[in-house]
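Presented below are the structures under discussion, each in the form of structure tokens.
Next come two complexes built around chain A: one with chain B, the other with chain C.
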Partner chain A sequence: MRWQYKFLIPSLVILLSIVAFPTFFLFYISLHQWVLFKRGMPFTGIENFYLILTSSDFLQSLKVSLIYTLSSTVLTFVLGLGLALILNEELKGRNVIRTIIALPLVIPPVVAGFAWKFVLNREVGIIGAYLLPKIGFMKSLLADPSLALGSVIVADIWSKTSLMFLILLAGLQAVSPDLYEAARIDGASSPQIFSYITLPLIKPAIIIALIIRFIDAFNVFDTIFVMTSGGPGTATQTFPLLGWKIGFLYFNLGQAAALAIVMLFMTIGVSILLIRRIM
Partner chain B sequence: MQVKSHKKLKKFTLYLIISIYLVFVLFPLLWLIQSSFKSMYQALKIPPDFIWTPTFEAYKKALGGGMLRAFLNSAVVSLSNVFLVLLLGITAGYALANLKTRASQNIGFWILSVRMAPAFGIIVPLYIILRSFRLVDTILAVMVAHLTINLPLAIWLLKGYFEEIPSELAEAAVVDGATRGQILLYILIPVALPMIVAVAALVFLLSWNEFLFAFILTSEQARTVPVLVASLAGTMRFDWPLMCALSTLALIPAFVLVVYLQRYIVRGLTFGAVK
Partner chain C sequence: MRKKYVRVGVILLGLLFLVSLMVPGALAKTKIRVLCFAQGFAWPELFGTSGVEETERLKQFEEKEGIDVQIEWGDETAVRQKVAADLAAGTGRYDLVLVGSDGGVQTYGYGGFLEPLDDYFKRYPSEYFDPEDVYPQFLDANRVEGVLYALPYYSFGAGIIYRKDIFDKYGLTPPRTTDELYQVLEALKSGLEGEGITDVYPLTMRGAPGEEPSLDLTGFVYAWAGYPAWFEGGAITPKEIKEKKAMPIFTGDFAPGFQAFVEMCQKFGPPGISTHTWVDMMNIYAMGKAVILMPSAINGYAALGITENENVKKYTRFAKIPTGPGGKQIQSFWTFSLGINKDSRYKKEAWKVLTFLMGKESMQAFAERTQWPNVTMKSVLYSDVLIKKYGIEEIKLNEESILEADPFYFPYIPELNEYMDRIGTAASEAIAKTKTIKDVLSGLQTWAMETMLRGGYYK
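And then the complex of A and B:
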């Protein structure tokens, strides 16, 4: 046997048993009526998929997930690109600023969610109970259905703009400064340089950033769970929160598995669309 | 003259935008940290005191009692993940870097696709499997669950790095009669050390910060720090200073590792797509 396979086998065995097998198992579960603490798991075909896709919870979560994922991806992209462009310039204290901007990315999302829940709180939060009432805004940000979604999006922007920023900055730094200089000598204006040189050259970085951010936003659980648990009502119940509710609150693992598979296909679909559209 | 003042205005605007953003980033964190040094009464006070005598009551509460256990659990889970992932990831990464067959390319793609799958799709079957082994609410369960995220990531990153090391280095040693294990241990690991340390730091942090898997797989005995913070944040009787103190303690690895990790984190979190 070649030495490569000897080195590979331990990892392969582990990955097969903890990743590959569970993946196949997921499809198997989704085709059965699999409810915890209930005897018997009869094969039900696509019933789980039918029940999940036709439920009103699914439609609500589709709406919430769409708003959440779309606005968070777009806003973190715009912010991240802006910050990356600024910090690609010669500025004093550039390294310190970069580190601070990168910081939210490594912070436990649960802590990020709690920090925002704390400052936005209507009774004790510095923003929700002190600064906002001072300017005449009396509503509770996290208890009001129409404001809660916006609040969890702000927290997501806070924690994930860092990743956009770092990917796009890496893309910008790979562009040779000679190109800018040559364009300037030829008399190109700054907007022209941006749209004809910078943008085409960092396109691969942009695509990667958008795909990764989309997948990430689509799957966010921790910050939303800590801030609102999907509430008030179902105002912030994105797909992962719906899945948690079905699977681990109602113990209907079959339906939760079906939802996970639906999410997987949505992820793949949008990723392919993004790659095709932008490339 | 006009050009110069125009440039100054531009610089001023850029600094202004950056400053606003930095306030946005730092404000919630600093508020969290300063509240952890307050008493319950001070933390609830509106308008807040900006000058007060700091108290360490919240930290005493956080580190005494049953909560210290969560920190121990988190440390054990994270460190054992680092150890296992390095052991397995270095050998597998090295092997994959030297396998130029079709199959290895497919394995690479397969490993990469784990990143695409919703975490939720992994945890449902994993929960059923671990439950059938009666492993729910054990540290082992959380360790295994974190391995599903960390091992593919580490293999992929290390494979990429080993591919960049010139092959002459290893070939010379083969001619001299060294075994593959010796080459890896004495030649390649020292060369790849920066990446290995980065992978270790990244794995530690991902494991330390991870919530969903740990939350579903544990209840009381094996809960990690994020699970503890979330469960306290979900109760109705809020002890704000205590929660702030716990959160602040949970932040320490992030603060320690962010400076070092910055160079590698993009590579890590984009699965090596961006270098």
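And then the complex of A and C:
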């Protein structure tokens, strides 16, 4: 071994112990029946995967996760891009507005979740109990199965649009103003400038933003947990909530590990797809 | 000569080194680590209101017993996860762990993760904890197949917390049967609606997805069926289920009580009830937005502690829970319990800490601080502070509720946690009308059959 490589050993040891070993162990337990109240840990092959993938819980959570992740990713992207485009212009008070828009990002998701829960609460919330009934809307946003998912998506959008905004704004600021100036001299309209200059040049930022947001939305737990606990019933039960239930309520660590692996492959698959499609 | 001095010096240094290693070890107190939730609420007389102080009383105990008590707190969900992870890993890091009587005791008891405690009473009698003073129901709730695995701290049985002023206004008295309960709720509903009051509800209960509503709703099942109607013949232990080959009966005798719970929530509860936890039911009652809180009456006492509504403070009363068509009372029973980790290296010391934390002195301090009658010991329930607060009649009613409670109103099986979660989630779905009662019960039945078959119950 060349002597320079020896310097890598400490980092490799740390990485192996905190990343490689847990990942390997996750695969290992997914192939075993590890239920806390049962003695032993017999090898069961792919049974955990079979049981998870064929359960009605999985299908329900798949549906909820897809709606949640896609809506949240697309809407935060559209809003984030819109805000970034506006606040990339020379406006009065631009820095103040930028700071305000970035604020939700520093609020922990649990706190944001509680705040939204109280605001939307049908019995005591300012929106749920006072504003909406005043205009004749009497339903409970968090307890109605057709509205609950939309409500948690709104909370997520409020919380995470700022992340998209910041990434996309950074992308926009990297575009040279000379290009816009040249385009305008050549008589290009605003939509043309956006389509042929802005969009292609901020593509890398868009890809990064979409991948980060997709992974973040797909793995969201805290906001939904505090707002609805996955309810009413299972109306807002995404994969992370299902995994948490299987692992820490049902004590079935083998099946929880199998679900985690399925989620891991889904995330990798979608990320690869995004990169290949957009690049 | 010089060599000799050097040798003696080396030997002396060696001895000094050994002594320096041994003395602190001999003088050091045994560390007993406790893992639980309710920081600042549980034992503030020992750990202060922040939960991280060391009060004089705690220091006295530690000095006397040669034990250093280290408590670790967390949010309830996080603590439950941590307990599961630690017990599964078998590290023995925590000597005392929180285990509720709604799944933890059963799972860890059957799994062999907790130390059986019955022998400890004989081998190490405690000056802090007198089991004879504890209502047997609270100890029984922590037994799995007759073996005691944990000791209870604050605990509760079922009851009705209601607003006497509103009852009086409509000429109502506390219901003694579930038929009367329906009549009272109907009268409250029409009375409130008749006055144009739309933000006060006749009833608040909990219907959130998860295990929470199950504690109350399975109490309805018990009252309507007259027995814990989960498996044929009311089998409640794995042994009974296996011997009788008792099949799940979620579409059978389980159904009427489930249906009653769901329909009461839908008809008389607040609009958001399908997501309400104990916190929501407490807040709604505390704000004066509900007339009746049931069956987990402890949440009503908690509401009294936080309310700023003068009428709630002045007119709140306790009544015994009604009896259902099956001839049994509605149930709701839970204990905040601690058990000794089987992998603990200091079980005897852990036992001392356990009996101290769950003992008379702690219970009395709890009663004096909270003024809740949700205590485990007769001597504390009948203490001056509680009698002065509620009057002897209400204390007697509370005692009757405890004595008439059946902690085994749901089965004690290792899979209890999953059952509780699925039943509660099914109730939430039905209350929210995502699915019909028939559909959710049919789903539960199918799932339960598959689970029991896979669990080898019907071989």
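As a working rule, the second predicted complex is superposed on the first by the 265 of 279 C-alpha atoms of A that agree within 3 Å, B and C clash if a C-alpha of one lies under 4 Å from a C-alpha of the other, contacts with A are read in each partner's own complex, and residues count from 1 in each chain.
By definition in this document, contacts are C-beta pairs under 8 Å (C-beta built on N, C-alpha and C of every residue); 3 or more make two chains touch, one makes a residue touch a chain.
These numbers were taken from a predicted model, which means no experiment stands behind them.
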item	value
When chain B and chain C are modelled together on chain A, clash or fit	clash
Partner chain(s) touched by A:V124 [first = chain B, second = chain C, both, neither]	both
Which superposed partner A:T267 touches (first chain B, second chain C, both, neither)	first
First, second, both or neither for A:H32, with chain B first and chain C second	neither
First, second, both or neither for A:L253, with chain B first and chain C second	both
Partner chain(s) touched by A:K160 [first = chain B, second = chain C, both, neither]	neither
Partner chain in contact with A:W3 - chain B first, chain C second, else both or neither	first
Contacts of A:G230 with chain B and chain C, given as first, second, both or neither	second
Which of chain B and chain C A:P145 touches, first, second, both or neither	second
First, second, both or neither for A:V19, with chain B first and chain C second	first
Where chain C runs into chain B (options 221-229, 275-283 or 437-445)	275-283
Common ground on chain A, meaning residues reached by chain C in one complex and by chain B in the other	34, 123-124, 129, 225, 229, 248, 253
Residues of chain C touching chain A in the complex	77, 80-81, 84, 87-88, 106-108, 110-113, 199, 207-211, 270-275, 277, 280, 283-284, 287, 289, 414-415, 417-418, 421, 425-426, 428-435, 443
Interfacial residue positions of chain A with respect to chain B in the complex	3-8, 10-12, 14-15, 18-19, 21-23, 25-26, 29, 34, 79, 82-83, 86-87, 89, 91, 97-119, 123-124, 126, 129-130, 158, 163, 166-167, 170-171, 205, 208, 212, 215, 218-219, 221-222, 225-226, 229, 239-240, 243-244, 247-248, 253, 256-257, 259-261, 263-264, 267-268, 271
Residues on chain A engaged by chain C in the complex (per definition of touch)	34, 36-39, 56, 121-124, 128-129, 138-140, 142-145, 148, 225, 228-235, 237, 245, 248-253
Residues on chain B engaged by chain A in the complex (per definition of touch)	11, 14-15, 17-18, 21-22, 24-29, 31-32, 35, 43-44, 46-48, 88-89, 91-92, 94-96, 98-99, 107, 111, 114-122, 124-129, 144, 147-148, 151-152, 155, 180, 205, 208-209, 211-212, 215-216, 225-226, 229-230, 233-234, 238, 240, 243-244, 247, 250-251, 254-255, 257-259, 261-262, 265-266, 269-270, 273-275
